[in-house]
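Below you'll find the structure I mean.
All chains are identified by letter, namely A, B and C, in their written order; residue positions are counted from 1 within each chain.
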Amino acid sequence: MSQYLFQQLVNGLALGSLYALVAIGFSMIYGIVRLINFAHGDLVMIGAFATLAMVAAGVPWPLVLLFVLLIGALAGATIGTVVFKPLIGAPQVTGFIATLAVSIVIQNTALMILSGQPRNFLFPAVMRQRVDFGGVSASVTDLTIIGLTALMIAALLFIVYRTRLGTAMRATAENVMAARLMGIAVDRTIVVAFAIGSALAAVAGLLWGGKFGQIDPLLGFVPGLKAFVACVIGGVGSIGGALLGGYLLGLAEVLFVGLMPQEVSGYRDSFVFLLLIVILLVRPSGLFMRHVEERA
Amino acid sequence: MNGTASRSLASAGAIVLGAILVWLVQNTASDYVVTLLAVLFLNAALAVSLTLTNGLAGLFSLGHPAFMTIGAYVAAILTFPAGRKESMLSDLPLWIAQTELSLLPALLLAGLAGAAAALLVGFPVLRLRGHYLAVATLGLIVIVQNLATNWDGITRGGAGLSGVPRLTGIWWAFGLLAIVVMAAWRIKFSSLGRAMMATRENELAAECTGIRTVRMRMLAFVVGAFFAALAGAMMVHLIGVVTPKSYSVLLAFNLVVMVVIGGSGSIVGAIIAASAITALSESLRPAEESLGLYGLSQVIVALSLILVLYFRPQGLFGTREPELLRRLFEGSRR
Amino acid sequence: MLEVRGLNVFRGATHVLKDLSFDVAAGELAALVGANGAGKSTTLLTLSGLLRARSGSAVVRTGHGSLDLLRAAPATIVRAGVVQCPEGRQIFQSLTVAENLAMGAFTRSDAAEIARTTEEVHALFPILAERRSTLAGALSGGEQMMLAMGRALLAAPRLLLLDEPSLGLAPKMVETIFDVIVGLKASGVTILLIEQNAAMALEIADRAYVLEQGRIAIAGTGAELAGNDEVRRVYLGIGA
């Protein structure tokens, strides 16, 4: 029994890693512009398709990773500059609809260019092997996901908490006016936050494709929403909260599917949303947040 | 002529005018155009009911498609021929499987089902605000879709219900539009409407003047859901098919676009915007097919929204109705 | 050092600053006093580039050249040595004391210089050295004020704009802060001080202005204004 549980833990960690990667970027953006970025999920899709294209062109994997990061950063910076800057200070709901519109534009443009057919996405054969340890088996893919995510998160935390740029981002997220008085180029800082957050989401796309084996232009919607739920669980706007929320959500979802009877497992997405509503009503500040926004 | 009488006369006049238009179209245009006009009427009805929820009461709800799905399935299941029903939907309780209702009762029950769902869901969800409410209502769409897909004993799962008797047509759609518009108009220009708008503007202040804001929000939400369910029920009997994915986030978005472009809070604006967008999507369809660019009309709609949000956020009419119509239907009152 | 001429600023539809003109000479401490809503904070926000002016000019002349503050970006203004310590401190509560100070030095690049300034600030406010790893939000009101000033000093200001430094502070702390301000002036920093606590401001000011409804109503030295009957009655609450 406990072996089964342990197995689920490993699966949950892998899924949670994906959610955490997307959630962190989402949280960084929310922290700095106070807007839910609906298009964030679509960056996962962009990362996945970019990977597909590069692999088909014969680019070696380490370079693919690097380029996906760059493409994600560029796409994110563009979205941030063109769409979000004009929206800062607009009513919450206006921003929400606008980012939803952007997401729809991205999804449908991808549909037009790529068609809705799911594409197969295969990691090199070695990734599908399974590794056994302590009675638990995990695919190399899952282990790679867990490991790579941990690395990226470590790098991100270093940037945010140990560099001047990171401190400037945190300062801007807290108090834009004071940041300006320090001479911080607020506009540039916002774009950088978008770039970094989006790069992480794009990598999540690369990993997502490898894990689930199939990608299509509408793939971003679900990860985007679940990233939002993860952020709410951990505390919106806090990077630590997004991390925690992402892993918790992954674990919760896997446990739900693993422990509930077969018929109920199709309701995994409903479960996630019910969780969201419960948390918003019961502990709206999440598990990590210091200040509470007005949301209920 | 006093206010009420002149208003009733004007309403009757508008309906007669509309009816004449519908009769003309039905007798001169092709089946395709007639169906298209019916869909347009239904979209307009949906947009107006969303104006009530979002515009008047300020609830940013994206949940309309969820209530449409509920209404569509309930109505379709009720009007389905009894014999086929028993075999196709095995988990249906026998007494439902053996009844076959005519359209009107089925529609009403569908509407009530939507309203009941909204009442149930509204208690927790309406305590949220702003974009959190929006995401929660998005979650409703996902939950209803999950239910429709998984509870295949009564919904036939992902395949959906097809062969639903085509019982509605353009007159039913016109009727719904007329009812929704009248209801919305009467609410908007009544003290109830003013209470809703007060709740939208400043909840704390509204409470202080004795308005039961919780009730206002719930009322707006439930009425909106009732009409959405009705629209869904009519839609399924118009085109004969419903699947879990029929009414999705995309539809929710398009409805929001209609409300925003028309001016959130303007009934006439919603009708005009709904008509324009429905017509646009339909006219672009042949181009999409021939060019293989599925999604083109959707991109155009989304881009239009972004432009409107940046350059004319109040939409066509803001929260007001066109002067002429207001004068006609409300007299010299504000 | 600072010449403000014909400054007109609107906030929304309200005309807050009306043709405002005043001077601050290099090395002196100028005080701007006035009632709430007179436009004092608006003046400082405009000088720091956070508000757009409708018309006018605000030229700062340092040894290195001149700059019209009304036509410069906030970052450029800070780099030119015009640094504000805003109303209500506005420290970064989620950052540590050390990080707050580091943000003050954001526009400077010479690590050795920054380290030296940090040492000076630590000497001036020892509590900041003691609590360098504490989150700024955990500091007391007086400590936050010291942090805010320290942060401003780390930008190596030539012209320091202080917005209501005494706000919300215990009287003893107010004295400490004002001692620091006087000391800063002595070390060569030009200071423009906004205060509702007119008495203390006029005591230490070389030059003072009374701002009334967006215009300078009375101007003179600190001592002159402190002795002015009108000022005494309206702003110092003395006499009747």
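In this text, contacts are C-beta pairs under 8 Å (C-beta built on N, C-alpha and C of every residue); 3 or more make two chains touch, one makes a residue touch a chain.
Computed from a predicted model, the values in this text were never measured in an experiment.
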(message) Chains as vertices, touching pairs as edges: which of line, ring, star, complete or other describes this one?
(response) line
(request) Can you figure out the chain closest to the middle, judged by Cα centres? (result) A
(message) For this structure, which two chains share the highest number of contact pairs?
(response) A-B
(request) Provide the C-alpha centroid distance between chain B and chain C, rounded to the nearest whole angstrom. (result) 57
(request) Mind checking the centre-to-centre distance between chain A and chain C? Centres are C-alpha means, answer in whole Å. (result) 43
(request) Averaging only over C-alpha atoms, locate the centres of chain A and chain B and give their separation in whole Å. (result) 33
(request) Would you pull the chain A residues touching chain C in the complex into a rising list? (result) 164, 167-168, 170-171, 174-175, 177-185, 290
(request) Would you tell me which residues of chain C are touching chain A in their complex? (result) 48-50, 74-75, 77-79, 83-84, 86, 90-95, 99, 102-104, 106-107, 137, 151, 155
(request) Using the touch rule from the top, collect the residues of chain B that touch chain A in their complex. (result) 60, 124-125, 127-132, 134-136, 138-140, 142-143, 146-147, 149-150, 249-250, 253, 256-257, 260, 292-296, 298-299, 302-303, 305-306, 309-310, 313
(message) Residue numbers of chain A touching chain B in their complex, please.
(response) 36, 83, 86, 92-98, 100-102, 104-105, 107-109, 111-112, 115-116, 221, 225, 228, 263, 266-267, 269-270, 273-274, 276-277, 280-281, 294-296
